[in-house]
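Going in written order, the chains are labelled A, B, C and D, and every chain counts its residues from 1.
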Amino acid sequence: MVPLSWYLSLSAILFFLGVVGMMTRRNTIIMLMCIELMMNAANLTFVALSHYLHSMNGQMFVFFIVAIAAAEVSVGLAIIINLYRLKASVDPDDMNRLQG
Amino acid sequence: MEKFVWLIPAFPLIGVLINLFFGRWTGKKAHWIACLAVLGSFIVSLMVFSRVMQGETLNYDYFNWIWVGSFHANAGVLIDPLSALMLIVVTGVSFLIHVYSIGYMHDDPGYPRFFLYLNLFVFSMVSLVLANNFLLLYVFWEAVGLCSYLLIGFWFQKKSASDAGKKAFIVNRIGDFGFGLGIMMIFVVFGSIQFTEVFGMASGASVACLTAITLLLLLGAMGKSAQIPLYVWLPDAMEGPTPVSALIHAATMVTAGVYMIARCHVLFNLAPLTQNVIIWMGMLTAFFAATIALVQKDIKRVLAYSTISQLGYMFVGVGLGAYTAGIFHLATHAFFKALLFLGAGSVMHAMANETDMWKMGGLSKIMKYTSWTFLIACLAIAGIPPFAGFFSKEEILGAAWSAHRYEIYALGILTALMTAFYMFRVYFLTFKGTPRYNVHSHHAHESPWVMTFPLMVLAVFSVIAGWVGIGTHGGSWIHQFLNPVFTLPGSEHMAEAGHSGSEQLLLMGIAIAAALAGIGLAWQIYLKDIKQSDRMAAQFSGLHKVLTNKYYVDEFYDAVFVTPIKNISIALWRGFDAVVIDGTVNGIGWFVSIIGQLLRYFQSGYVRTYTTMFVIGVIAVLGFYLTR
Amino acid sequence: MPNSLGNFPILSVLTFLPALGALAFLAVPRNRESFFRQGAFAVSLLNFLISLLLLKGFIPSSAEMQFVEWRQWIPGLGASYHLGLDGITLFLVLLTTLISMIAILSSFSAINKKVKEYYISLLFLETGMIGVFLSLDMLLFYFFWEAMLIPMYFLIGIWGHERRIYAAVKFILYTMAGSAFMLVGILVMYFYHYHLTGAFSFDLLSWNTMELPFKLQFWLFLAFFVAFAIKVPLFPFHTWLPDAHVEAPTAGSVILAGVLLKMGTYGLLRFCIPLFPVATLQLLPYVCTLALIGIIYGGLVAMVQPDMKKLVAYSSVAHLGYVVLGLFVLNPQGMVGGLLQMVNHGLSTGALFLMVGMLYERRHTRLIEDFGGIAKVMPAYFAFFLIVTLSSIGLPMLNGFVGEFNIILGAFSYSVLYGVIANFGIIIAAVYMLWMFQRVMFGEVTREENKILKDLNLREYLVLIPLVILMFWIGIYPKPFISRMEPSINKIISRCQAGTTVDCQIPSGISMELNK
Amino acid sequence: MNFPFIPDEEDRIMIEGYMEQIAFLILALFAVVGGLITVTHRHPIYCALGLILCFLSISGFYAMLGAPFLAAVQVIIYAGSIMTLFVFVIMLMDLTREDLKMPPSKFSTVVASFLGFVLLLEMLMIIGGGFLTGKMGSWTPEKVDSVGHTRVLAQVLFTEYLYPFEIISFVLVVALVGAILLGKKKLHLGGKE
């Protein structure tokens, strides 16, 4: 039997990768991908826990997260395309109009 | 009696209301209403006087005024020989002065307003005398102060007049400060402020308490009757019209202090320390004011300082426990001092308001009545036998002698000499000698009968008023009349009874000698050869300069009190208020905006910095979670 | 308490009539300015007449709340719509309706821009003020307390003079900061009430019966005290007053001085003293010292003010220092004097601001040196100004004296030192008022503009006469006023005494030496 | 274990356990390598491929954890639709060379990785520290197997989680409309450009 902590450590690593990706990469699409990665890490934790705690709630959450992720990616990509049309670049640093 | 007593204050009050609301229509006729009102109250006071003569007294409360918790102050009337006598003096002199001011103020634009204020003054003074509890006395005490403020500053165009008015009110207020505290202490110690109740319980209180109360009351009396520390306002009060000076600053208001001490004689008798203070204060004031009067050029200033000096005498009398003597002097002084002021007024009226004596002279030929009445008044105040002044001043000096206060007696005699000297100096300079004004420009003329008639009446009073006091120790009519008031259980020792007949004659002799010496000196210096006065002035130039500048007291007060307070308040306002409090308040505002600036920096617009902040946040939360 | 006017909800009508009037104004188009003027005056006049009904129905001898109205408001919170009136608030409400009516009447000629909003905010202000005085439910009280600030903010902010924005913001922030503490205090009391009795309630009458431990009383007293001290304004918190007064329009500063400052002292009397008696006793010397400093400091600073309104503002600081001193000496003379002085101050300072406003309308300047010799040019104005100045100095025969003398007497019987220092105040008052009076009124008419000033017109007479009549009435025969105030004051004093006898860990050294 | 190695009942379970662990490790390796590629690789296409690899390995995990339906969902939606969307977008934007050459600044990568590392450490400490406790639910694996995983999912979804289910549908519609609007040619969303 694979102990629960293995699953959790794996999702922690995946989450770590997602976070580092988000912070370093200068390309919005990659950042979006990293977000996806982080979400999946979370999903993994949910399913692992739901399996070990014999409760279906975890899987329900995963179900919803997947739906949200789909919605988010579609809208995210649409925005990125428009920004690309606007600024001819995907570099997030160019898009800093929304500042205080 | 209570049925008609309230008429005395009511008449002048009605006069005030009529002049106030119908001022425009009465206009030149305002004096009829005013004089009738005062005449009315004079007649009623005569009726009251006759009732009191038959031994009837009254202590009646009309309505209760302020009832808070255990503090009961109600509007009541106390009639006894003391207040009856005061009523006669006040209403009598006021009536004469009202008649006089018809002539004096004839062409003044503020004619109705003047009579309005005069009536208001008579109303307040009469009510002051009638009051039967301390709070009511205090109320009219300040009301009288208000009237003197209004009347001194009557010609408010003149800055000096309005300044004098303000000064008078504030100095009186300082006096009232003490008086108010005295009343409160009386209430705290005795639990009531009715005269009868307080005097009844007086012997019960501790001497320290009584001394404190009497000292505070004395502070009030000092402010009102212009004694040593708080006399500075009276000379400046001469800015007001002369009838005002005659009425307020000679006959009635300034005597309120003496009346109050006489009224509370029970308290004062039980506080020997305070009596000593009164005696010394009175004597010093008398002597000190007399010295200044020696060199004054302005006729009204001389009379003002002479009033202060005579008040000092009254305080000495009252301080010695000889309340009858004090009140007797008060009454006689009211008559001849009013006469002196009115005389000076008619001189000024004739000389187009010229007050400097050195620009007058030889008026006796032109102004017959005024000069004769003025002479009578001078004789009275100097203390020459048949006239009033002699008897009342003699009483006080006798009281000093019999109370074995020889230093006071000596100072008294010296002051009497100086009084005689400066009064006759005034007489010789204005009426006798060669006219020192160009006769053609001033066609000096005798004042109309409406002004001279009161002079004559007052002259008669200045003569006969004294005879009331004739009679060996305690035998005179005035003593019988006032004794019931002052022989209440409180005052057991009677000063007059002390000295024997021959001693009395000796005292009289010394007093007459001092008066004659004064007159002679004045005659020598100011009539025989006028140059001699300049030579003397040159000889004692230092002393002369100090005296003319009134010992620099005003400048001293300014330097010690007025300017420092002004600077402190400016410092408080500019420094403390603006810098400290506003500083902190605005500081907080500025600090908040600085924080705002700082936070703005965080919204840099770079998505990646936001993610870093998220991560830092998560780390912090987890860290906290782990370490808990 | 069966209210003697049948079940006609007089207090609710009194409170909300101005607000209804204001709402009705919303419907009227902006350009009909004269309608707004007459309408506002009519509403406030009606409100004043109704408040006179109060006087008729009031039972002088009882200290209980009268004309009580109670309805469920938010049952869940335990908050009820609870209005009531007793000796303390009777005259304050009357003062509010009178001052508002006069303020509206006096601003006919003064205000000519945005007239509609002006009268609407004035009427809402009146509702807020009456609401504060009448509400016996702490939530309702707090609601009105905050609601009252907004119209005042607009009054100063829009129709004010040069630095109006700064003054308005400062006014709001100061009061808000204070009332924040009060809100905390209210909530603590609210939950402690639950802790004690198991039921949540904002009702003041039940709060009065709560026995609080000393530690809690101490902090709660401070919380409430800060809010009310800022409103009074007591010494260190007073700097907003001169700015607010100088910048506010005439009617605004009349109401501000006439009624708003009384909120603070009313709050102290109604909430601080009865609710936290032991803490009151413990902190009494400090409060009295603050009040005394206020008296002397206010007076001194008023002496050197170049601007008339600032001078009167600082004089209000001094006068209200007296009131607080009177309230906190906890004996009948002092407290009745304090309460009476609240009404007197409303009348005399209200009148003073009206008269300064009249000069401002004619000359558009408030600096003292711009005037001189006005007595010659405007004799009627001179007469009224003289009476009002004397009343504010506290001259006998006028209202100021009755209040001030009682306060100083109360302070004196509490401690001689307090009495003496307080008495200095009357000298300082005489100095700065007379000095200002002399520089404005007397002397030569130096400036050309002063020569052609018109005297008072009929409307200005109407504005001043009621105030002067009241001044003389209270000065000469204050018995009806005092007899109605005394029962409620005695009730508070007995509540204080009762509060200290119960054992709630009273620190040593505090004894209720309540003298006669 | 006795020789010649005939697995009896508990031996079989033990071997199965080992087998499972080995499968887990392999899949974990694939997932981590996929993640690494997504994060580090220059060209977005390879990142997308890396991500697909990662998603597939995760769906394998779901299968291992007894959630076959979810594994299918994962494969279809994530790997299938989302990643194809990504690939399309990347193709659409045909990034020029110099866009891709911009290396992230040295400083920010160091800081980012340090922060990430700290975060990882904290998460691992939490996992190891026994902080996580939860009350056991009622759905034991046996019960799930007996009823059938998908049926159980449906049963829970349409009873306890009915509201969220409705809301999610609403969210999806909103996202749909949003994406279409954003995608329109003449973009006049009030912006000046």
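Basically, contacts are C-beta pairs under 8 Å (C-beta built on N, C-alpha and C of every residue); 3 or more make two chains touch, one makes a residue touch a chain.
Predicted model only: the values in this text are computed from it and were never measured.
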Contact-pair count is greater, between B-D and B-C, for B-C
Need the central chain here, defined by C-alpha centroid distance to the all-chain C-alpha centroid. C
Among the chains here, which has the CA centroid at the largest distance from chain A's centroid? B
For chain B and chain C, what's the span in angstrom between their mean Cα positions? 38
Quick check: how many Å separate the C-alpha centres of chain B and chain D? 103
Would you kindly tell me how far, in whole Å, the mean C-alpha position of chain B lies from that of chain A? 96
Chain A and chain C, separation of their C-alpha mean positions in angstrom: 63
Mark out which residues of chain D touch at least two other chains, giving numbers and ranges. 108, 111-112, 115-116, 119, 123
Residues of chain B engaged with two or more neighbouring chains: 608, 612, 615
In chain A, the residues touching two or more other chains are 19, 23, 26
Which of the chains are touching one another, listed as pairs? A-B, A-D, B-C, B-D
If you look only at chain C, which of its residues touch chain B in the complex? 170, 173-174, 236, 238-240, 297, 300-301, 303-305, 331-333, 336-337, 373, 375-376, 390, 395-397, 401-402, 405-406, 408-409, 412-413, 416, 419-420, 423-424, 426-427, 430-431, 434-435, 438, 441-444, 477-479, 482-483, 486, 516
Write out the stretch or stretches of chain D touching chain A in their complex. 17, 20-21, 24, 28, 31-32, 35-36, 38-39, 44, 47-48, 51, 54-55, 58, 61-62, 64-67, 70, 73-74, 77-78, 81-82, 85-86, 89-90, 92-93, 95, 99-100, 102, 104, 108-109, 111-113, 115-117, 119-120, 123-124, 127-128, 132, 134-141, 152-153, 156-157, 160-161, 164, 168, 171-172, 174-176, 178-179, 182-183, 187, 193
Please give the residue numbers of chain A that touch chain D in the complex, ascending. 1-2, 5-10, 12-21, 23-27, 29-30, 32-34, 36-37, 40, 43-44, 47-51, 53-57, 59-60, 62-64, 66-75, 77-82, 84-86, 89-91
Across the complex, what residues on chain B touch chain D? 608, 612, 615-616, 618-619, 622-623, 625-626
Touching chain B in the complex, chain A uses residues 19, 22-23, 26, 31, 92-93, 95-100
